[in-house]
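Chains: A, B, C and D, in written order; residue numbering restarts at 1 for each.
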């Protein structure tokens, strides 16, 4: 057999945690080989080992039939391997051409020959149909273009085997389709593609062979044709799962959270939230769908007081809260599960109790006249560990010793018990295993049934389909339209996520553009926020 | 290698520090040999100079006091994520302010001390206020701004001392403070005064504050995870500003203690280097106030020991500076710590 | 006779006056075979008292020489605790009655140096390296009383010799930054000064070197600095610490036990003197040398009274 | 007017060039580490140790070049220790930097005492200083006054100022410069392309040591010809301050150093007009501090300004919503 990549018995441990355990992977030349698995299954780790960014503790690697020790990406690159990383690795202050030729600069008389690099980039770009402006700086380019640059970077190194780690997570469905066409053309040219995803549809659409990872082990490697979607899910998760819609009663509460004509800028000071208006009622789950980086983060941050708004109004139970400090907004009844849990949600080095204490360090029974009662905090944390089924040894464990999913549960536990009756939940199950996902969904439904108003931001449509009463779709900082949760039309949502207007946009009525967004250049989306720092 | 559970992790840290220590001492011994002295004699003299008798021990504690208080000032900043390297300047201003109250006003005994201390504290806080403001408002690097402020503070206090308040006919120093402003001494045979107790009490109070109060919790969180703290409703800027002010205030207090407890006046070149020693003591103790008691004691012992060294051997006292620097370097390398998998390294210091 | 044990303690052994003291001590050591211990105080006021106590407590030193005003408080305290220990305080007189004082009249020497500078200025451009306007300069280390005393003598001397001469004085704020000393001197030369007197330790060395760069004149201090910038150093105002300590130790060694009291080392007794540099002196008109002799005599005799700075 | 004339003249510019040079050399060295993402507070120590060994080297080899080489070598050793601890051992860069500063101070004094039997300063004793370079024809072409500006300095003065364009070229056009920038800005990107972060940071540290070494040698063999305790006198710390607000860009470093050098030269002059020395001596530090504050103040409030501005616009359009946007 003609193998481009042959991994045998790869094992990688991070401390006591085994991320890859005895993995065998054989990738034939000229195929698209998908690797799928849950978050944390070990996909990125495996690819980093293959690419020389990590060293395996055990196992053997052979490329193109040659046994190799890949102790640096340089070795992998020399052997014709290229990798497009899950988190892009471009240097913002450099131009597109500089980025592409970084590490293999074209030089004349010892100096970098910029003109030649730009020319070569242009040629490459044309040859592969990946359009970029070679002399533009990368800072400020959209994610889609950044991805093109990453692919060009790989191609410029004459890669014959390309690894793409979750390339579609930040793309719209349409952009994804373009990418797949490009990948196909690569394979037609005799190249090999390894493609990581946990989106079943994509895998079924483009791959020739599928390898499924679970808990750091290979559970199956099969030709796609022999697989059904249902089987794939079972392999990934280890049992049948259905994101069936949760049963629910009617919504009849009063308006708890009202947002009107809200505008805000992102970190680059570009308008990123444009005239958003919405209302969430008590006992209702309002879902926000959209590709990551379309203003959802900004919306959540403005609501919780973490980002200065430019304009608009936010009312909690009829009271204006826009512009108040986070603590004041919390005091008025908003609880917030942040999307970026490692940075915003916890202090990784603090104990679980200390993490639970955040926001209530001034309140009884945890503190009396400013003196903390750690005993109470530990007791409370112990109770939460039980109630939310958090896998931890005890309340004094540092947060960093927990897995991502369990850290998420700590955050949820804290926020759900914080006493707020409006819950702002951003990506509740990102990086959470399936079992825990169900538990979290149960908990969210329980909160709804208790009459809380819930604003649920998620990039996973099936999650929204299972939970939301209504779904709004965001694109480019605007709310594109609304879909009823009962009869969710995925096609319509997909179009709106890609910026296609279903009918008329929601509220351009006033015609006012208070922050000059219209005048601003078509501005790019920031890359998806990095989850682990 | 497996991750070891906490106790043995601590053990390894301690073993690592001990190893670092031994290496530093060995290097120090080599250097001592190079300058033609016997390392054994030098180390023995150091020990005798630091702990030889009650007076020597008191001398060690006397040296420890300002390092300790400055170290606590640094710890407070470090806990809140602020790197106050300007303690030296705060010390000078605090020292001057206390002296001024001490000689310019005549007050009843206890009150006099309290007022002088209060002004020292205010002066220290005021001196860090502008760097602190720019740090929290505009992100101006506090390390650099406080270092620059040190130079200005030293020159400014010299100016006050020599041009405005010079003791007539004397060296460049202010008039002596009145006896009512003296800090009580602990023993008849030493200048050691209740400043040491103030320092230890402050260390314990600071440790308790961080561990057991809601405010201390907020400061710790701002220091270790500022975005999390912000999200949790803590006013990060206010806390950061407050932390620097308090850190500066404690730096000023250190100056006040030196003035009222030891020198009983302010003079040019009043207490050079104690601010930096304090910062390093705090860093070596990893920002722990209790740990700083021990690192400060260690530095104090080295300094006190070196005074005898100069008299009893021909080695220069500066050899102590060399050994001290070697120890800091060796300890900072954390020899037995496992290096993490990521090779990109930290961009900024972390505690 | 018994061997004499001597200790000396100061933070300034590395600087001009301190160097001359060390020279005197070493000479005494060679000549008399005394036991000598030098202790450097460093710059932390907190340390001084322990350092004195360490020396005094050992009881083995017949005489302990002390130099530096910042040590005064610690010295007086320890001296009170060990009244039998004889301390020799160099360069000043304190209240304590149990100490020996070696006092220098640096204002007298500086007066002569100033007078010399004034007279050379008076020669005007017809003398090598002297410019139009009559201006001379002074670079001090830190702005402290002793240095002011030098400056005072220098100014009085210059005005005495040439009433219309302008004296520009600056301070480096430190004794340890020769680069700054050089820059200050360059500034003074640039502003028309032809002769600059330094009283600034290592900082002053920068002044001497600057006089070579600018090709103007400088005046050295404490020790003979003619070699620092040959051809550009007019003279050095020597403050003979070496003479003083040597004389005191000599008395002790020869059995004339040194007792508490003040010994003054002035122009008359050779404690301060102005040493001309040969190369430049050779070019000076004879009448200047003669006049300088007269002034020297008048100062030494007390005919010319010089105010001390306080 | 006359006062101004005697204050601002060619001599002031010449003095500025002299006072700027040592800081410029050391700050340009720091630029390498800053760009490579290392905060190097140990410049002061590298400079001091180089100044000392340059003098030692000059005495032993009897030549100024020998002194220069040995001084730079000493700074390189310090830079190497710094790199080993910070890059390989991941030690806290501030602790290591401060400790190396202390080490340099203690070592120079101890060695001085061991070698020369005294501490304090080394003057004479056969130290050979660097020669002054007379630019040929400068006086004929430019006249005496202007010629002073470009001629008659020791070689390292020219090196310092020529290093600025050289470093622009290094950062802009060479592979090493590119890698240094990338490693500082986005280490992951470098790592993913097989560029060794450690190697680049070591290189940057050593280049920094080289320049700091030149700065030190300039202090003791060029600016003046002697060594004295602590003779770097805070210039390394000034350089660090300049590096912070210039982010290591050579042109901004030059501007910052000139500003400081000018403030220094000017403050020395102000003394001759009767200002108290202690206050005047604080001027350069105050200038640096104010510059630091002013630049960070300028850099930051854009967000604030913009938000305020958009809010004002929004308010003028829909005044009834006035109460809503009050956060600044």
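One rule holds for everything that comes next: a residue touches a chain if its C-beta (ideal position, glycine included) is under 8 Å from a C-beta of that chain, and two chains touch if they have at least 3 such contacts.
Fair warning: this is a prediction, and the values are worked out from it, not measured in the lab.
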Between C-D and A-B, the pair with more C-beta contacts: C-D
From chain A, the most remote chain by mean C-alpha position: C
Intercentroid distance (Cα basis), chain B paired with chain A, Å: 46
Chain C-chain D separation of Cα centroids, rounded to whole Å: 36
Chain centre separation in whole Å, for chain D relative to chain B (CA means): 28
Chain A and chain C, separation of their C-alpha mean positions in angstrom: 76
Overlap residues in chain B, where contacts from two or more other chains coincide: 155, 158, 162, 316
Contacts with 2+ other chains: residues of chain C: 40, 143, 173
Chains touching one another, given as label pairs in label order: A-B, A-D, B-C, B-D, C-D
Residues of chain B that touch chain C when the two form their complex: 49, 55, 59, 62-63, 66, 155, 158, 162, 168-173, 191, 258, 262-263, 265, 267-274, 303-304, 307-308, 310-311, 316-317
Residues on chain D engaged by chain B in the complex (per definition of touch): 37, 39, 41, 81, 85, 87, 89-96, 98-100, 102-103, 105-107, 109-111, 113-114, 119, 187-188, 191, 197-198, 201, 234, 237-238, 240-241, 244, 276, 278-279, 281-282, 285-286, 288-289, 292-293, 296-297, 299-301
Chain A residues touching chain D - in the complex, by the definition given at the top: 51-53, 72-75, 77, 83, 85, 87, 89-94, 98-99, 102-103, 105, 107, 110-112, 114, 263, 265, 269, 308-313, 320, 322-324, 510, 512, 514-516
List of chain C residues in touch with chain D within their complex: 13-15, 18-19, 22, 40, 143, 168, 170-174, 176-184, 186-188, 190-191, 201-202, 205-206, 209, 227-228
Chain A - residues contacting chain B, complex: 14-16, 54, 304, 306, 325-327, 330, 336, 338, 343-350, 354, 357-359, 361-362, 367, 370-372, 374
